[in-house]
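Data first, discussion second: the structure below is written as structure tokens.
Each chain carries a letter (A, B, C, D and E) given by its place in the written order, and its residues are counted from 1.
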Amino acid sequence: RDNVQVAGSSTVLPYASIVAEAFGENFDFPTPVVESGGSSAGLKRFCEGVGANTVDVANASRAIREKEIKACADNGVTDIMEVRIGYDGIVFASDIDGATFEFTPADWFNALSPKVLVDGAIIDNPNQTWADVNPAFPAQQIAAFIPGTKHGTREVFEEKVLAVGCETTGALKAMEAAGMSEDDAEDACIKVRTDGLSTDIDGDYTETLARIDANKDGIGVFGLAFYENNTDKLQVATMSGVTPTTESISTGEYPVSRPLFFYVKKAHIGVIPGLKEYAEFFVSDEVAGPDGPLAEYGLVSDPELALTQEAIANEQTIASGS
Amino acid sequence: MTDASNAAPLREKKSLLVVDARTKKRNAAEARFKMYGIIAITLGLLFLAVLLTTIISRGTGAFTQTFISVPVELREDKLDKKGNRNLEDIKKVSTFGYNPLLGDALSAVIAEGGFTTEITKSKELRKLLSSSAVGQMRAYVIENTDQIGQTVTFDFFASSRVDGYIKGRVTREDLARDKNLSAEHLDLVDQMIEAGVVRKKFNPSFIFGADASESRPEQAGLGVSMLGSLFMMLVVLFLALPIGVAASIYLEEFAPKNRLTDLIEVNISNLAAVPSIVFGILGLAFFIQFCGGYLGIAAMKASAPLVGGLVLTLMTLPTIIISTRAALKAVPPSIRDAALGVGASKMQTVFHHVLPLAAPGILTGTIIGLAQALGETAPLLLIGMVGYIASNYPDSVLSGFTDPNSAMPAQIFEWAKRADPAFYERAWGGIIILLVFLMTMNIIAILLRRRFERRW
Amino acid sequence: MSGIVLLLIVLGLGALAFILARGKALSSVGGDQRALHSRPHYYGFSASILTIAPAVALMVVWGFGQSTLVQSSVAELIPASAIAEGQTVGLLMGDVQRIANGLDTAVAEGALSSDAAATLSTGADDIRGILGSVGVALGADVDPAILKAAQSYRAMQSSGATLRMIAVIGVALLGLTYGFMQTSATYRARNSVERSMRWTLIAAASVAVFTTLGIVFSVIFNTIEFFQLYPAKDFFLSLTWSPSFGGGSELGVFPLLWGTLYISLIALMVAVPTGLFSAIYLSEYASPKVRAFAKPLLEVLAGIPTIVYGLFALLTVGPLLVNVFGDGGILGVNWMQGGTAVMTAGLVMGIMLIPFVSSLSDDIINAVPQALRDGSLGLGATPSETIRQVVIPAALPGIVGAILLAASRAIGETMIVVLGAGAAARLSMNPFDAMTTVTAKIVSQLTGDADFASPEALVAFALAMTLFVITLGLNVIALGIVRKYREQYE
Amino acid sequence: MDDLRYMEMPVDQDTKISASNVQIYYGDNQAIKDVNVEIADKTVTAFIGPSGCGKSTFLRCLNRMNDTIDICRVEGTIKIDGDDIYDNAVDPVQLRAKVGMVFQKPNPFPKSIYDNVAYGPKVHGLAKSKADLDVIVEKALRRGAIWDEVKDRLHAPGTGLSGGQQQRLCIARAVATEPEVLLMDEPCSALDPIATAQVEELIDELRQSYSLVIVTHSMQQAARVSQRTAFFHLGNLVEFGDTSQIFTNPQDSRTESYITGRIG
Amino acid sequence: MDDLRYMEMPVDQDTKISASNVQIYYGDNQAIKDVNVEIADKTVTAFIGPSGCGKSTFLRCLNRMNDTIDICRVEGTIKIDGDDIYDNAVDPVQLRAKVGMVFQKPNPFPKSIYDNVAYGPKVHGLAKSKADLDVIVEKALRRGAIWDEVKDRLHAPGTGLSGGQQQRLCIARAVATEPEVLLMDEPCSALDPIATAQVEELIDELRQSYSLVIVTHSMQQAARVSQRTAFFHLGNLVEFGDTSQIFTNPQDSRTESYITGRIG
């Protein structure tokens, strides 16, 4: 095998494909092959073992888990380099011709949680329209298209929006006061109502877009890059007063984002032609920097990119590095 | 025997020209029945028509593309500082190094054409063009080092937004919050169209080209993944058809009828119900990890059309076996008797008489099986054929089976997911190509089937 | 010598065997074919098979044997010091092979003489440069031990190839001789050839069996792993499907099975009548011209990628249904909340399945002997009575096969379900509610973001296994029904 | 052996079927050439002639069974009870209910023996109840001279019968619908003498009320059961007349040589 | 009509086929009960008996054509030229090449007339060249007494022939492979007297070198062409002997009543 083989997250795929294409254009190495199939499937194949018939790089929209590192090690994949390439902003957007929204996490909690706090009591969520949630909003039917539970984005949504909303509305306290254990209360916070007002999307953002197309009341969760490519159809909502842009996300002002990674098998470096070059090229300033093509496409570049570059140069692995 | 009085007519005599009530009723039922048939067919064809018009109306745009012709001065001081035309040195200049040249060239075009625009920054100007432009230039320079220092006119892809504007998909209002292009750009484009610098023309590289990354929808083509599909279909056709027919012949004509063969029969029908992605799991485990990894067969690797073809073969087999068996069953036994009776062996009987008579059913199974295999994406997901893969043409026919490649449906599926709406048009365009491919592939089978059809 | 050339030689010997044996058979009876047990070409084929089959088998086995042998002896040449931490010998073997192949290419392209290739050394030559010039890119500079290994790898491979050639041609010649010797007028050549054919047929039939075994093997271990993490009781008996990342998922298969059943049922309710009536019309009423034109057209429906159907469901059929059955719809019934519903997916899937039923049934109906139709028409039955009571029952096994195929496809479909029916697992009787299927969940859990060793990801395998067992049961029942109602004509 | 027993039956019945200038083509091949014939009611008419001369073809025309053969084309007029059966207003289904047919090759349905016979009556609604139907089936099977052989296996498939049994089953099937005209294409070809006699008895019985046309190769059979005989040769109707006259005093030399060349 | 012409042929030929204690079952139904019979070489043996008595069943056993019927089971031994044909070592294909068969229902292949006849010779390699094959086909069709009718349409489908023509085509097809034993199940049932005579001539001619078994319902035919006759009744072989003896002096009362009950 002469080419670098990459597998994993479909969220990282666009960035990886841009890099792979430019890598092929600028190096004599063959263009790397970038498969999609999900972070989990990619890491699973990554951890299958060391050798030419396994992948060299796994893209992931979340950090590798302890259990996975162990599973990797069981198969002889011990020296893993973790590379954080930047952040994926997660935005809320609705139809371009519809009403404009300025959300807070509390709004989302009150709209989607099966149980909310009303007048000091935890009751079944009575809210049917956005006006019920917040009088400032139009009386528009709640129709949320949120990522299905297979998506890492869902986890981010739960942690950074629902859980936060749960706390700020005081629902968390009220639940604990009502005798729930802390864990149970936290679990209850991130539950989503199942009466049809919220729809899980197992597909990708195009599907969410199509759903909003079919239901103009819909509000969907998108990646920043996807939204930026579809500003003709979508308008983005602010969160806690901040408009999501690459800048506001990289400064941490806009709260909802997640880091993106790829993982490299150190053992393959020096054996698979172009592997190290690919990794270095990926995080080079020209590519992943704030003016590079990745940022242009919608990646929130990592302020600590220099550290990452150095780590790659030193072939720092997870065990030795972190 | 029976007495004559028994033979009294049950029914009264009537003229044939007068249709009696019962016959009327039966004829009405007949007409209804026939009507159901017509309705069913019309419905089917109607659905087809709706789908096809949708596909065609959305997809034809993908076959044309906007180009901008730009004369670029290939400045020596940027491209070959040492001036000795050493390829190694020229290669050191990355595509990023070509950006300034492009910006200057565009400014020159504006100046020369006398266009008026507010846009002056090189980076902003370059937004008119596809990001493939620099790559195109660099490849040209490496091929033609002697051209360094000259001015060469390139036909660059316009960026997807500009193309969308020309095709009517993008309007000035749409660009209000778009950071990729602004309304001023469009004013400039209008002038450039006027001057003939910007043209929309047929884009063969959509049909023959390779996939491009997310940021370059204008450059993406289906050609390489079409080859991927072609190689996979070759594998499927040359394995699934013979194996399927052979298996059916064995089970239907030779196998003893017992519990074991019942089990095999049920098992084959059951295979048809196995979700296609599970075949992907099997393909990953058996072909890639076992054959490729454990046995060390180099051709069995991820992303190889050979492996994809094998997986699709396994997936198509049940369809072919089920239809072939049904067709074999439908051949009247008297024909087998006739052949056996003149001393043909069972094998000869089957191959000379039964098989030709069952051919229409077998071909139908093949047509449907191949259609299914050609359109399938899910199993390819697990064997590494979905993603950004079809970016290089294979080096040779033989390596076409093993070089990493994607497949048409996977490519279309990938495009449909991408963020830039320009890919959406390409996805539909890709479906047109896929359907043309399908029809071409099936035409022989359809003609053959017509030849074999007969009643007895 | 490459395998292809060797194969061609063996095939050539096979052809020779054919000519010789056929000639011998004919001459043994002085050219009078009647005196032979079998037709002359059977003698030819019989000898050919004896020549080719063992030789090719040997080639394949030798191929594996040699590569294993060479690999292991070359691996011993690589000193432990050359193996970096975390690397394995196997990984380095890849590099060795790449260098060896690169040297081969270099020799073939004239960049190196074969002597030079065997004596290159890392100190004196720029290996990476030389190989790079012939298009073989290496990941790093070459370690001397690796180069040594690569050179002895080449040497072993080439002597192995020579040995293989001798052995394979030898076996082929032996087969040829034996085949030629046993050729005589009384030798049962046809039986021997047919025996080989029969084995070939059996081998083909076993492919299906091995596929099943393969499927079972490739999902069973992960299924077991799943059941170690998640109680089987909950999986089979819980009525909720709600996976979540943090653990505490409820993974009851029942709502998914229900969705699968419901959607497939609706799809079949669309596809079976439409397909069957189309088939009947095409084979019994339509003129040959209409038939020649409509049948392939309907088959295009099977070839349209499912994503198109999915989008069609999402963008066209769903809103249309909402307009009729939804809130404020034409019927004013408010049964439907959103466009995604069992009904949406079922209808669209039904369209896709039409050709599965129509084309296959059409062929089978067409194969029913005309004499049966004549018999019925002659009694004064109308064509439709004839079709319903004589033709269809006679064609029943084939039609059931076609329907089963359509049902199978319905069960296995994902894209239409995801886009048309939604992703939410729900237990409801209302066909206008969103639901999802087992298959859709297999795909989504398999391609999701959950930790791959977690029950949320592993459940995909358990789902696959469960579906497999259930469809097996349904197929057994279907077979029983067909057996019971089968009418064999003549 | 018996001599031919010439019938002394009166044959001046009403005309049931009249065919004039009938031409039948299979593609370009003309199988029947300009045939004119009048078939009387309550009579048995025999078609005889060498194999391949067009008997079956002409017979199939009389109830439009040739409609099912794509390449077959009929010209001329055929009237039954004065109605042109090729008229557009005529429903072939009703026609075939009236003009039943026994085919040359037995073609039982792949159903049970019972269902084979019950099929016609069910289609025509001749039975009011299951018991009724049982009676009809039994009667038909008795008339087809096969009741005794199959009464214990009425629910076994009709295709599992011997050749002669299948032929009789088809006869039973045809008479079960009580047609006014019964066309029988070599109904006794696979039957032994005793069964033949029984079928001939049936024919004789049916003649009391219906019109029958039978194709036969047995001159003796024609002589025994028919009142009128038509001799076909190479697609031509060579001679048509009273059976006695045809057999004793043929007008055409071809008829004579066919009759006298007889052996069977 | 002719009287029965009892043959005065010597019938002490070598035994070609000998069946002993043959029992044949269809499922649980016994169709042939303990039949013992010896069929001589260069002789025509006729099987007679009422419809459904098991003639075809027994005939199909002699070249193992019953193998194709799933539910059919044979017990006892049948030897041809001393070899047990149900022995495992026997190749049924070779057997059938040696023992040809004409089926009761004509079953031409849905191929051209030429191909129908040429198939057997091709499979057995009887022709060295196309010209050779043409000769064989013509000869077979002439023997089948159908050459004149089809010589201009050799490439028309065999299924487009008339019933009698199909029957003769099947006879031609069977003789084209030159089997040593020819089993014919009612070969003349759909034939007119002249064609019947031609086929009988063929049978007579074949008898010079081969052994023939024919099933027939025509007592006259049995008497005319056969030297030995077997009478079956309800699955039993009631009587077997020289044709002349069977017809003049039947030993069994059932034979007698069948013979004397004859009509056709």
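One rule holds for everything that comes next: a contact is a pair of C-beta atoms (placed from the backbone, for glycine too) under 8 Å apart; a residue touches a chain by one contact, two chains touch by 3 or more.
Worth saying up front: this structure is predicted, and the values here are computed from it rather than measured.
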| item | value |
| --- | --- |
| Steps in the shortest chain-to-chain touch route ending at chain D and beginning at chain B | 1 |
| Distance-to-centre winner among chains (Cα means, whole assembly as reference) | C |
| Chain centre separation in whole Å, for chain E relative to chain A (CA means) | 83 |
| Chain centre separation in whole Å, for chain E relative to chain C (CA means) | 49 |
| Whole-Å gap between the CA centroids of chain B and chain E | 59 |
| Sequence positions of chain D contacting 2 or more other chains | 93-95, 97-98, 105, 123-124 |
| Interface hub residues of chain C, defined as touching at least two other chains | 190, 311, 369-370, 382, 385, 446-447, 488-490 |
| Shared interface positions of chain A, touching two or more other chains | 1, 10, 28, 30, 37, 41, 51-52 |
| Every chain pair meeting the contact rule | A-B, A-C, B-C, B-D, B-E, C-D, C-E, D-E |
| Chain C to chain B touching residues, read off their complex | 64, 67-68, 71, 190, 194, 197-198, 200-205, 207-209, 211-212, 214-215, 217-219, 273-278, 280-282, 284-286, 292, 294, 296-309, 311-312, 316, 351, 354-356, 358-360, 362-364, 366-370, 382-385, 387-388, 395, 397-398, 401-402, 404-405, 407-409, 411-412, 414-415, 438-439, 442-443, 446-447, 461, 464, 467-468, 471-472, 474-476, 478-479, 488-490 |
| Touch list for chain D against partner chain E, complex | 1-4, 26, 48-52, 56-57, 104-106, 149, 160-165, 168, 185-186, 188-197, 217-221, 258, 261-264 |
| Chain C contact footprint on chain E (complex, rising order) | 91, 93-94, 123-126, 128 |
| Contact footprint of chain B on chain E as seen in their complex | 63, 65, 68, 70, 92-94, 96-98, 100-103, 105, 107-110, 119-120, 123-124, 159, 170, 173-174, 176-177, 179 |
| Touch list for chain C against partner chain A, complex | 84-88, 90-92, 94-95, 98, 132, 136-140, 242-246, 248-249, 311, 314-315, 318-319, 337-340, 418-419, 422-424, 426, 434, 436, 440, 444-454, 456-457 |
